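Two complexes follow with chain A in common, the first pairing it with chain B and the second with chain C.
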Partner chain A sequence: MYICATMSNSKLYKGSLNTIILKLLNENDKMYGYEITQKVKELTKGELKITEGALYPALHKLEAQGLLDVEVAKVDNRLRKYYKLTENGTKETANKLEELAEYIKTMQALVNPKLA
Partner chain B sequence: MKLTESQIQDLYAFTRKHFVEHYDLQTELVDHLANDIETMWKTDTNLTFEEARDKAFKKFGIFGFMEAIEQKQKAMNKRYMRYFWNELKLWFRVPQIITTLGLFCVYYLSFSSLYTEFLSVGYYIIIAIWSIFKSVQLNRQFRRRKEKSDKKWMLEEMIYKQAGGTTLVFMSQVYNVFLISDRFSGNFTAILFFSIIFTLLTLINYISFQLIPNKAEALLNETYPEFSL
Partner chain C sequence: MKLTKEDIQFIDQYLENSDVVHVDIRMEMTDHVASEIEAMMVGGDQRAFYFIFKDYMVANKHSLLSNNKSFIKATDKQLSLSIFKALLKWPSLLTFFICMLLFTSLNMVTNISVLKSWVGVLPLIGFVFFGVIYFVQLKWFKLERFSALERMGFIYVMAFHLFHLCWNISNFKKVENNYVVYILSSLALALLVAMVLVVKSRISEYQNRFEKLV
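Our next item is the complex of A and B:
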């Protein structure tokens, strides 16, 4: 499962994991894996939790696609790997957000025609 | 409360026990587990290190680190292929294209001569022996590197061991090599096809056995910022 939601709506969030990661990195310059999971939990007040088993595969895939770059720093007594957006990653974030907005608009038109 | 150095080393051993062989992925997972353990200790100070570690690991789901390993492998394969294509493309640009065309001409003339059978088998044996020699040499180098640093990097393993895969592709052509003279002599399209295939296989072997391993340090430094730390 990609994402755990407190209610039985996790399927609705599936497919948005990459967009969530890219959006967070767009706002935070650089982040490490654990920080991403905590940030999502904090922003959604615990409603949405990115599972560890899904986060790293997604990060590695985005890195392989050339959308993310990595930086490593020694923090406390261990090494920490930070992810940040590449130039292509920034462009892709804009595309993904646009796609998501379009999706939300379409869904709005379907479930709540008055607001659309 | 922060983790001690020995607890960090214990986490490295823990990831190894759960089939994470490569230092690059181990490092990332160790930091994740460590962060989670330290967060747990903020609210529950009675939790032992082992309990907290197991709790943090459970969050990875029933497959543990398997999915992360699989995706990392795929991602690294993609990166290796990118480095490989960058090298291959150079052989179709000036000045290397002169060598590529020269190689093609040698194969074309050989395969259309009266000695096709003798020459094609000869070339095949030369390339096969060279490939086996390089394969053994690179494997030995990889073992030595690992003994020296006790760390295994995913890309490093690909550079030194994956190169052998191209030998298999080349070896699989043994049957076709014998067919060249029997069935295809005088067949322009077939000779052209075999000349292109031999040229490409020679380049592929040379790039994966010679050029990429020669650049290993630079590629590893480019891929892993922590490589020289």
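Our next item is the complex of A and C:
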């Protein structure tokens, strides 16, 4: 299992991994891999844990698509790769968040019509 | 609590021995493992670095090394796209048209049908030549290996096989009209120019990223 969730709902989260990454990078100027995993863990109070096996392939794909830019810096005796959004990445984040909001709204209407 | 330079080198060496040969992917993994170990130490783990590292790798090695394959796939995708874009740039287009003009003009004054027998072999000779130079200088100067530069060789070989497949299927060797040979040869040379353009841009990208840091 690549995305670990305390409930057996990792498949639901898996489809949103790119959106989660883009959203975090949109809120922070630049982030490195481990920082992203820790931020997700902190924001979801441990409910969602992104493993390196899921995070880095997603980051590399987003970089290959031209949505992320990379910056390397020397930190604590080692090289650290920081990711930040490109101009296209910022536009894509807005699209992805809109899609996600629409999805949540639709699911809400299906699952709990009173709240929708 | 921060790991020492020797601890970092130990992680790096371990990953290199585990077939993570490209420095551009290894440095990210090294940083991830080091950050995890430092967090464990800050969290109260009193054991020495080696024991924490050993337990961490037992639990996470498979997941960590799966990054290597995905990184290489992403690199191939990125490179293919860059080569296609470079093929549409003026140096590649110019190469194509100059070659076409040259072959056509040469054919008017002399018979260049000998090109047919050489056209399939030339790319392979070039590949072996550059491959040998690359690996000799890696060993000689003890240089780091970068993914994009090596994967370019893979794409080159794939392009070469595709070229040969087209060549064999269509049986162009028997075609009397030499223009098919000229088009294929010119296209192969334009592709080579596009690849050189991509390699140049990747080298300067790597230099910008790493030169001032290492």
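Structural remarks
FYI, the second predicted complex is superposed on the first by the 114 of 116 C-alpha atoms of A that agree within 3 Å, B and C clash if a C-alpha of one lies under 4 Å from a C-alpha of the other, contacts with A are read in each partner's own complex, and residues count from 1 in each chain.
Everything below uses one rule, namely that a contact is a pair of C-beta atoms (placed from the backbone, for glycine too) under 8 Å apart; a residue touches a chain by one contact, two chains touch by 3 or more.
Model, not experiment: these values are computed from the prediction.
In the superposed model, A:A64 makes contact with both chain B and chain C.
In the superposed model, A:E42 lies in contact with neither chain B nor chain C. With both structures placed on the common chain, the touch criterion links A:D29 to neither chain B nor chain C. Across the two superposed structures, the residue set of chain A contacted by chain B and also by chain C is 32-34, 38, 51-53, 56-57, 60-61, 63-64, 70-72, 74-81. The touching residues of chain A, when paired with chain B in their complex, are 1, 32-35, 38, 51-54, 56-58, 60-61, 63-64, 70-72, 74-81. Residues of chain C that touch chain A in their complex: 2-5, 8, 27-32, 34-36, 38-39, 60, 62-64, 66-67, 70-71, 74-75, 77-78, 81, 209-210, 213-214. Across the interface of their complex, chain A is touched by residues 2-5, 8, 27-32, 34-36, 39, 59-61, 63-64, 67-68, 70-72, 74-76, 78-79, 224-226, 229 of chain B.
Note for the complex: chain A touches chain C at residues 2, 32-34, 38, 51-53, 56-57, 60-61, 63-64, 70-81.
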